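Two complexes are shown next, each including chain A; its partner changes from chain B in the first to chain C in the second.
And then the complex of A and B:
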C-alpha cells in the first residue's frame, strides 16, 4: 500500500496533475506521524501509511492554493466532501488517494493497558484484529477493538466514497456503530442539573488553547467568534462559563459539517471528552434532518437548506 | 419579604420586525394584558437570531429566551424563518442535552394579526419559567475570584 502510494504521488507530481501532495510522514517521536505537505517529488519517498496516521489532513485544504493530491482515510474523505459542499474546495482541484482504513491505534489506551509510557514501548504492530505490543522484551497481544480510537470503533465509512485512486481493498463499516455512544448514554441517564455540573467540571479544565478548533477541518472561519472584541461574545480567559459557551457554539457552527472524526478529543491537552458533544450533535442532525455530514458531495449544506415541514414540534 | 417571593423571571424576546413585533404591538394597542417579564429586542428576521445571542442572554442571567417570527411560508425574506427553525431546533436539542431546562429556550410563530396569540405565548413561557426557577446555569462558580464577586452581588441585592 505504502509503495503504491509513493509511486502514485510521485507520478502525480511528475505529470503536473497536482501542485501539492498532502500525506503522512513519520513523526519525531516513536509511533507518531506528522502531516507532510510537499511539492518536491523526492519527498514522496517519505510518505507512510501505518496504524498511527491520526491527523485529519482535510484541515489543510482550505489553506493551500492550487491542485492537491491528498491521502484520505474514510474520515478525511467525509471532511473533504463536506468542504466541497460548502464550496471551500473544488472537486476538480483534488486528487484523492483513498486509504481503506482499519482504524487508528490510540496510544493512550495502550499506555493504560500496559501501564507504561509510550516511550518505553519497543514496538507496536497491527495484524488483522490483533495488536501486538513489545515491551521489556516481552510480547503482549491485545484485541484491536481494545486499543483503537473510540471513533474508529464506530466508523461508518472506513473506505472513502469519493476518491480517484484507491490503495488497497475496500473495507466494511464497523460492526457495532453504537459502541462509541457509551459516554453519551451515561450522561443522558443523569438529571439535567447533574449533566450541567459534569460539563462545568470538564470544561473548568479547559485552558483555551483552541487546539480543538485549529485541528478541525470543519472549523474554517477566517475569524472565530471567540476572538471578536466588538462585540466581545466571550472572555478570552479560561473560565468554565466561557469555555462551555465556546464549545457549545463551536459545535453548533460545525453542525452538519462535523463528521465526528474525533480529532478535537484527541488533541485536547486536558482530555475533555469532546466527542460526547460532537457525537450527540451528529446524531441530532441525523435524527432531525436525516442529514449525515460528508456523505454526498452534491447535497446542500445543512444550514443552507430547509424542508417545508420539519422540526416543528416545539414551536408554540 | 424573602428574596424568592420577589423573584420574577426575566425573559428576553427576539421578535421579527415583520410579524411578531407587529403582533406584540397589536397586543398593546388592543389593550391585551401580557406579563411584563418579557424584554423585547426587535430583529429584522427570526433568521437573524444567532445561537450565540441565546447563549449570551443566558450567560448574562436572563431566565429564558423566546424567539418569535413569521409563520412558515410567510417570511418577508422568503426563507429566513425556515433557517431559524433549523438553527433553533439544534440549539434547543443541544442545550437540553447539556442540561439546560427545555423551558429556557422557546420559539413561536406569531403573525402581525395575532395579538391574542402573542399574549398567550408570553403568558405560557413566563409560567414555564416560574416553574423552573431562576437561571443559575452560569452562576455556580468554582474559580475563587468570581465566587467572591458573586457573593458580593448577592449581598448587595439583599441589602437593596
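And then the complex of A and C:
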C-alpha cells in the first residue's frame, strides 16, 4: 500500500496533476506520524501508511492554494466531502488517495493497559485483529478492539466512498456503537445534576488552547464567535462556565459537519472527553434529520436546506 | 553536607512542611498531571511522576488571575485590590527544566516593570526539586544548559538513590528550611557516590540533542526567509498548546468581567500562536501563520538571548510531546538555514 502511494503521489507531482501532496511521514517520537505537506516529489519517498496515521489531513485543505493530492482514510474522506458540500473545497482541485483503514491505535489505551508511557514501549505492531506490544522485553497481545480509538470502533466508513485512486482492498464497516459509546452511555445514566457536575469538573481543566477547534476540519470559520468582542459571546478567560459555552456553541456550529473523526478529543492536552459531546450531537443530527455528514458530496449541507418531513417538534 | 530521607518518609516530610506552606505536589486528581495542593497523604506520584503536563509556572502565573475589582459610585470608580491569601507555596517535585524556566520567567517579571502578582508568589515560595530518573523521549534539557538533576534553580534538591533521596540544601532559604525541619539523617559518603551515579545515569538517558551554537545570529539572518518559515509552519494548526503549556511562555491577555455594575479585571494566558494576539484596529502584523510561528521560535531563541543572554527554552519537551501534529522545535532549530555567503 505504501509503495503504491509513493508511486502515485510522485506521478501526480511529476505530471503536474497536483501542486501539493498531503500525507503522513514518520514523526519525531515513537509510534507517531506527522503531516507531510509538500511540493517536492523527492518527499514522496517519505510517505507512510501505518496504524499511527492519526491526524485528519482534511483540516489543511481550506488553507492550501492550488490542486492537492491528499491521502484520505474514511474519516478524512468524509471531512473532505463535507467541505465540498460547503463549497470550501472544489472537488476538481483534489486527487483523493484512498486508504482503506482498519482503525488507528490509541496509545493512551495501551498506556492504561500496560501501565507504561508510550515512550517506554519497545514496539507496537498490528496484525489483523491483534495488536502486539513489546515492553520490558516481553510481548503482550491485545485485541485490536481494545486499543483502537473509540471513534475508530464506531467507524461507518473505513474506506472512502469518494476517491480517485484506491490504495488497497476496501474494508467493510463494522461499527461497534456499544464500546465506542460507553462514555456517553455512562454520562446519560447520571442525573442532570450529576452530569452538570461532571462537565464542570472536566471543563475546569480547559486552558483555551483551542486545539480542539483548530484541529477540526469542520471548524473552518474565518472569524470564530469566541474571538468576537461586540457582542462578546463568551469571555476568553478559562473559567469553566465560559469553557462550557465555548464547547456547546462550537458543537452546535459543527452539527451536520462533524464526521466523528475524534481529533478534538485526541489532541486535548488536558484530557477533556470532548467526543462525548460531538458524538452525541452526531447521533442527534442523524436521529432528527436522517443526516450523516460527509457521506454524499451532492447532498445539500444540513443547515442549508429543509425537508418537509423533518422533525419540527419545536414548533408548538 | 547533604542529608537524606527514606522515600517512605516523604509523606511525613510534606506534612511537616504543610504546617508552614501550601504544599504543591504532582497530582492527576484533576484529570491531568499538574502541581496541585497536596492532599496530606498521597505520595504515589513518586511512582508515576515523570513530569506534569501543566507546567509549575501555573502556580505563579495562573491560567486566570484576578487583578482587582472595581465599581462605580457617586464619587467615581472605586478600585479594590484582590483578596490575597498570602500563603507561601512550597512546590515539591519540580523538575530542573521547570525550575530553570522559573528563573527565566523571573527575568521578565522583575525587569523594568516589577510584576507584583507574580513576584509576591515567587518571592515567598520554596522550590524543592526532584531529579529525574526516567527522562522522556521528548526531553532535551542537557542541550539547554541544564540536566535531569541540576540543582541550580531550586532551594532544595532531591536525588533518587534507591530507597532514599539524597537531600541537598542549595540556597540559604533551603538551608534554613531544612534546619527547621529536623529529623533528617546525614548522608554518607556512599550515599553521595550513589547520587553521583544516579545523576550520570539520568544524564545519559537524555537522548534528544539540539545544537544551538550560533542560533541567535542564524535566526537574525533568516528573519525574512519567507520560504523557510512557510515550510516550517505548514503543518502547524495555530493552537496554543506549545505556548500556553511552555514553562517559559508568559504572555497574558487582560479582560474585564462586569456583572451588574461590579467589575473584575482578570489576566489570563495568551499565545502568540493566535491571530487575535496581534489584531489591531487597522491591521494585523501577524495574520499569516508563518509570521506567528517565526515569532514563537525567534522569541525563545533570538529575542530572549538578546534581552537576557539566555535561550527561553529549557528542553522540557512539552511542546513536542503535546503537539497535535508533532511540530518539533528541535527539528526546526536544526533546519534554520545558514546564512548564504554573498546574500544581502
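Side notes on the structure shown:
Just so it is clear, the second predicted complex is superposed on the first by the 311 of 316 C-alpha atoms of A that agree within 3 Å, B and C clash if a C-alpha of one lies under 4 Å from a C-alpha of the other, contacts with A are read in each partner's own complex, and residues count from 1 in each chain.
As a convention for this text, contacts are C-beta pairs under 8 Å (C-beta built on N, C-alpha and C of every residue); 3 or more make two chains touch, one makes a residue touch a chain.
Quick caveat: nothing in here was measured; it's all calculated off a predicted structure.
With chain A as the common reference for superposition, the partners chain B and chain C occupy compatible, non-clashing space. In the superposition on chain A, A:251 contacts chain B only, with no contact to chain C. By the touch criterion defined above, A:239 lies against chain B and chain C together after alignment on the C-alpha atoms of chain A. Residue contacts after overlaying the shared chain place A:204 against chain B and chain C alike. In the superposition on chain A, A:310 contacts chain B only, with no contact to chain C.
Contact with neither chain B nor chain C is seen for A:220 once the two complexes are overlaid on the shared chain.
Seen from the CA centre of chain A, the centres of chain B and chain C span an angle of about 90°, rounded to a multiple of 10. Taking every C-alpha of chain B against every C-alpha of chain C after the fit on chain A, the minimum distance is 7 Å.
Under the contact criterion defined above, the residues of chain A that touch both chain B in one complex and chain C in the other are 204, 239. Chain C meets chain A in the complex at residues 30-32, 50, 53-54, 63-64, 134, 136-138, 234-235, 237-241, 244-245, 253, 255, 257, 266, 268-269, 271, 274, 276, 289, 320-322, 324-328, 330-331. Residue ranges on chain B touching chain A, taken from their complex, read 51-52, 55-56, 59, 72-73, 79, 82-83, 85-87, 89-102, 106-109, 121, 124-125, 137-138, 140, 142-143, 146.
Against chain B, the residues of chain A that register as touching in their complex are 187-188, 190-200, 204, 225, 233, 239-242, 244-245, 248-249, 251-252, 255, 280-281, 284-285, 288-289, 302-303, 306-312, 314-316. By the touch rule above, chain A contacts chain C in their complex via residues 27-30, 32-37, 55, 59-60, 63, 117, 119-120, 201-202, 204-205, 207-211, 213-215, 227, 235-239, 263, 266-267, 269-272.
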